[in-house]
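So, here come the structures, one by one.
First subunit A sits with subunit B, and in the next complex the same chain sits with subunit C.
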Partner chain A sequence: MNTKNIEKRFQVLRTLLAIGIAMIVAFIIICFISEEPLETIRSFLIGPLESKRKIGNIITNLTPMLFVGTGVCLIFSANQTNMAVEGGFFVGAMLATVAATCLHLPTGIHTVVCLIAGGLAGAAACAIPAFLFVKFNAKPVVSSIMVNNMCLYVGLFVINHLVRDPAAGFMASFRFDETAKIGEMISGTGVHYGILIGIAVLIAGYFYLNKSKAGYEIRTVGRNVDFARYSGINVNRVITKAQLIGGFLAGLGGAVEVLGMYNRFQYQALTNHGFDGIMIGIMAAYNPKLLPLAGLFLAYIRVGADSMQRSSDVPVELANIMISVIVIMIVAERFLYKMKHKRIVAAAQKELEGKAEA
Partner chain B sequence: MDRIFAAIFTPEFLFSVIRVSTPLILGSMAALICNRGGMLHIAFEGVMLSAAFFGMLASAVTQNIILGLLGAVAGGLLISMLLGYFNLVLNSDRTLTGIALNTFASAGTVFALYLLVQDKGTSSSLPSLVVPNIDIPILKDIPVLGTVLSGHNALTYAAFLTVFITYIIIFRTPLGLRIRTVGENPNAAASVGINVMKIRFITLAISAVIASLGGAYMSMGYLSWFSRDMIAGRGFMAIAAQNLGAALPLPSFLASLAFGAVTALANVLQTLNMPSEIIQSLPYVATLIGLGFFGYAAQKSGRKRTKAILDKARAAEGEKS
Partner chain C sequence: MEQNILSMENITKVYPNGFVANKGVNFSVHEGEIHALVGENGAGKSTLMKMLFGSEKPDEGRILLHGKEIQIDNPTVAIQYGIGMVHQHFMLVPSLSVADNLVIGMEPKKKGLYDVAKAEEITREAAQKYNLLVDPQAKVVDLSVGLKQKVEILKALVRGAKILILDEPTAVLTPQETKELFVELKHLKTQGYTVVFISHKLNEVKELCDRVTVLRAGRSIGMANVADVSQQDISRMMVGRDVRLDIEKDKPHPGDTVLKVSHINKVNALGKQVLKDVSFSLPHGVILGIAGVEGNGQSEISEIISGMDRSFDGEAEINGKSIRNMTVRQVRESGVAHISEDRMTYGIVGDGTIAENIISDRYYKKEFQKGPLLDQKKIDEMVDDLIEKFNIKCDGKDQPIRMLSGGNMQKVVAAREFTNHADLIIANQPTRGIDIGASMFLRNKLVELRDAGAAVLLISADLSEVMEVSDRLIVMSGGRISAYFEDASEVTEEDMGLYMLGLKQMTPEEIRRASS
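Entry: the complex of A and B
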């Protein structure tokens, strides 16, 4: 067994252990505050599977995560901590709304135009930190947060002054044209065709990142930028490309979410979908292959916490507490480090002994 | 247009600028200290939120303002020390841990709020206290200046004082020298016998105390209750202000005031039914331009330096031959 295998195995172990610890923490909290802890835990764990509606909720929760998560995989694989996917999601939803309310096109084409508009807006949002990094060496950590806030206000400006429906009674856009909306796939569940687009995006993202030359370049740049430069990769171009595509996917996610789930644009603040995407991206170790698992997990505990809140007195925020605990432990490199180190040393010794005998 | 000017050129407007700037000033000083110590993180949002919550809670339970503020500081330190432990001891990525801690603080405070008052919105049913406003004796009788500068919350004056204290700590004390050394080159600092880990924890702790006062101001001054996610991006704004101020106390302070002025202006425009969103986005656009500009300047000076070294080397070679 070589070092790489042990590293991989420990990463899986660490993730599972983090999930286990978060579960235990959640159960302890439930036991403290719930009057019927067993019943509460049951509705948390099994609740999401109880009705067609709730299973549908898991899928609708998962849909935007697939887009943003795939985008995050691309961006973070290039070792760029660009959080502008949050703003990209928002402006993606915004520009798709503009296209869905102002343009009048035949069914099908209209949806595609809206989705592309959303994607382009998202790409534009992520392009700003990429540009600042490539041209001026400004770290994307700070610049992308600024971009998020900028996106919020620019998006609200467009919605409130261009497509606001004064008759809605609250701050919202005009109704989307029926031709633009993404139809419901399974009636009565809210599940819309966006999930199919999401799966397609995920698979394409997997092949692009893990099986193509361009994806290999992105991962090489992410792992060791100097090595990439010396082996003749145009580092700046690769970094920019990864972020443009990632931003496009985030914007696409925003477009799919509003067109599939709502009749009007009614967000008044950032939606946190971008940070959700980052969370599941971390859980999946930026590998699109593991992304559906991480996404399903997050969607499942969200719906579980929701069903728990309805049947007991434990607030739904428990899901977010759990996911943050998990992420904190997964990114802690030294967590289980000693055990891993021992294993690697033992394996190396064994190998050496084997060689000595031969 | 006249209505806007009529609304802006009043002492009351300047008063409100200082009022909304207070958490930004405190936050930017906290970010500045972290940046100087090479520990700039994005969990200020969580630190301030946790401080706002615990400040409210401690003051409601003890009915004592000092204990309330101490509670706020404890709440801020909690998040900050968690970040320190995971980042410094367990070697995790600071930004990713920061994202997770912000989520943790946001969810945790709402969770606890619901358990306390069965309300996920605000804590207004809890009898929490407010830090008193202070009228400055002679100043308050001067016509315009008095209206602008007097009668603020005690924490606002503390914020002004903090700018000065930050300058003293960072540039005029041995501790500040250590913090800056560790920030610029941890290996060099370790080689002269500085305990890098300890200095970094101290950096985090000092900055958390300052940021906590900013958080406490939100729930015990700006408003008299805690409401969910009440920091609303001010932690990020503080980082931006500090960046715009190039990690120097006075410029960062001025940048915070500028951010506050823009926010106050947006509030005024909103009441006049004017498009306030573009104005609200201005601080962020300014920061982005600032980031680009600083990067450009650093690159240029770097190139100049390289060129100077090259020229020198060439000259030396020429002399030899």
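Entry: the complex of A and C
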């Protein structure tokens, strides 16, 4: 067995173990605070599969993650910690709302125009940290958080002052034109056609990042920017491009989410869909191939937590603690390192002995 | 009777990439001797010493100091045990003075503040005592390599080192500086200090050392009294087989000029003038060597010509076209290939596969596109072919390159840079830190490429390499050309040393021949 296989195997093992440990932590907490721990655990684990409605919830949870997650794969593969996908998602939803309420176009075309508007807004949000980094070497970690704040208030300003429906009775936009909305795909589940767009985006993202010229550039810049420059790659252009496309996808996700799930824009705060995307991106090691798995996992425990909260006495906050534990375990690179190193040493020794005998 | 002051028993070290650097190595030194540790590049010398200095931990085996087993977890512990190390690359703060560097981490205090006068006094006393003469007030950035090395040695001694490990100390020195170092080391020996001298230059081992331990491919091959063995004996132990060390080449056949560099001046970010009026030219079919102690402007030249550095005065032309406003890609497209001296930073992307490392200069070309995607089949075929042609030892083209040995990594770099049909190949320290087999392979490749008509600019701090491979020679000192030789074969090492140190300087007329 060579080193590469050992490394792969330990990556899988580490992920599974991280999930296992997080589960155990969750179960221990459940045992402490629940009157009926077994029933609670059951509704957490199996609850999401119990009804068509809940399975539908998994898919509607997954839908925005696919867009943002793919965007995150592109941005983070270029080694840019640009978290403006959160704000990008928000302004994407906002601009799609403006297009869906102010423009009046035929069915189909209207939706496409709204989606493009949302995507462009997202791209603009992510372009700011990209520009600041390329021009002034401002670290995107900081600038993107500021951009998220800007996005929130710009978004709220536009909604509350330009397209607010005074008749709604609460802070929300006018109703979307029916021509703009994304239709329900499976009735009674909330699953809308956005999931198909999401899958298409994911597949396209996979090929773009792993199989195309541009993807090779992004990954090379992300892994070793000096090498990229030495090889003749235009580093700044690649970094900017990755973030524009990633931001576009995040904004597109925001547009799809509001047009598929709601009748009006009614967010009053950032949605957290951006950070979900970052989370599953990290879990998938920025590889779109693993993204559906990470997304399904996150969506599943979200719905499980929701189902648990409805049918038992354990609050939904628990799920969020668990998710955090899992992500921490997965990003802990040195976790199981000693065990892995021992295996590598043993394998190398064996190989040497094999050679000596031969 | 002599005592083993330090011994390492049955040491095994495997790196995270699965590379076995040491396997069951035994190594011991007597108190008060100069002990040579020799072996090819990649034989595991540096790894073994890193474990002694606490920067790596052994996976198996034990370390004994005065017969007692010790754990060396980090360099601080090593220092407490009296083990000091002078690395190949100096660990000094360039902007501080010699005295500052010497007391760093143990600064003398007066009323809670740093006592500069006391630090300088400590430095002066130590310099006197060990006969390593340095100026306490000089800034390290202004020192020559030889003096920096003295500061490093003093730094270890001031911290109480009784055992001094020197990792290839002569690699960066001129022949004259080497002689001086040997006198100083012998002086230390008479004062009771123990020295471990890592090298692969056998004449130096013969001249300086008492005993020698030989490593080969991570194993200890044997130990001997230097007086009892010949250089040939040691060499055979090191390599384990007969390696042809000479380069076969005919006279060069110069063609049209490929590279023309005129009046280049450069001031670096620290405000130091690192290139002073450098002019030379290089025709097809010729290997031009640039010799010199590292840091005398050679790297800057290679960065400028390869298009990576744009802040210089003067003119550089490839095939008659100025490269001043070209991007790196444009420079490469106009016929320049470049092996960088810093393999790990510029030469490769460690997490990338062998294939990804080979295609980095050509992935964008039409021949490798298939619709909107890369033509993976064509790329795979090319990479497989190059792996075979360049004799790269690996588990296949999809193996991450970081898992390869240094020599094989460099062969991947060469497989890329030698196959893009370049008119000019800049080879900056192409064989640094790699084993003799791979080195000879690369040197012969350079000659092959020259015979096929390429112009080769070989920059190397390895005197014997640059003298043997090159047709013509430039010597650099202090950022200017101090000598130019039309025929590299008629130069002596002694002469080279004098020009490298800047003790001799050819007249402007003699140097002007380089650009004719």
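The rule is simple: the second predicted complex is superposed on the first by the 350 of 358 C-alpha atoms of A that agree within 3 Å, B and C clash if a C-alpha of one lies under 4 Å from a C-alpha of the other, contacts with A are read in each partner's own complex, and residues count from 1 in each chain.
Basically, a contact is a pair of C-beta atoms (placed from the backbone, for glycine too) under 8 Å apart; a residue touches a chain by one contact, two chains touch by 3 or more.
This one's a predicted model, so the numbers in the text were calculated from it and none came from an experiment.
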For A:348, using the defined touch cut-off, is the partner it touches subunit B, subunit C, both, or neither? Pick first, second, both or neither. second
According to the stated criteria, A:170 is in contact with first (subunit B), second (subunit C), both, or neither; which is it? neither
Under the stated touch criterion, which partner chain does A:142 make contact with: subunit B (first), subunit C (second), both, or neither? first
Figure out whether A:227 sits in contact with subunit B (first) or subunit C (second), or with both, or with neither. second
When both complexes are superposed, which of subunit B and subunit C contacts more residues belonging to subunit A? B
So, does A:3 touch the first partner subunit B, the second partner subunit C, both, or neither? second
Which positions of subunit A sit in both the subunit B and the subunit C interface? none
Complex interface listing, subunit A residues touching subunit B: 33, 81, 83, 128, 132, 135-138, 141-143, 145-150, 152-154, 156-157, 160-161, 275, 278-279, 282, 315, 317-321, 323-325, 327-328, 331-335, 337
Quick one: which bits of subunit C touch subunit A in the complex? Just the residue numbers, please. 12, 14, 16-20, 23, 59, 306, 308, 327-329, 331-333, 338, 340, 345-352, 356, 359-361, 363-364, 369, 372-374, 376, 395, 399-400, 403
Subunit C contact footprint on subunit A (complex, rising order): 2-4, 6, 207, 211-213, 216, 219-220, 223-224, 226-234, 341, 344-345, 347-349, 352
How about subunit B: which of its residues touch subunit A in the complex? 42, 82, 86, 89-93, 95-97, 99-101, 103-104, 106-108, 110-111, 114-115, 120, 233, 236-237, 239-240, 243, 275, 277-278, 280-281, 284-285, 287-288, 291-296, 298-299
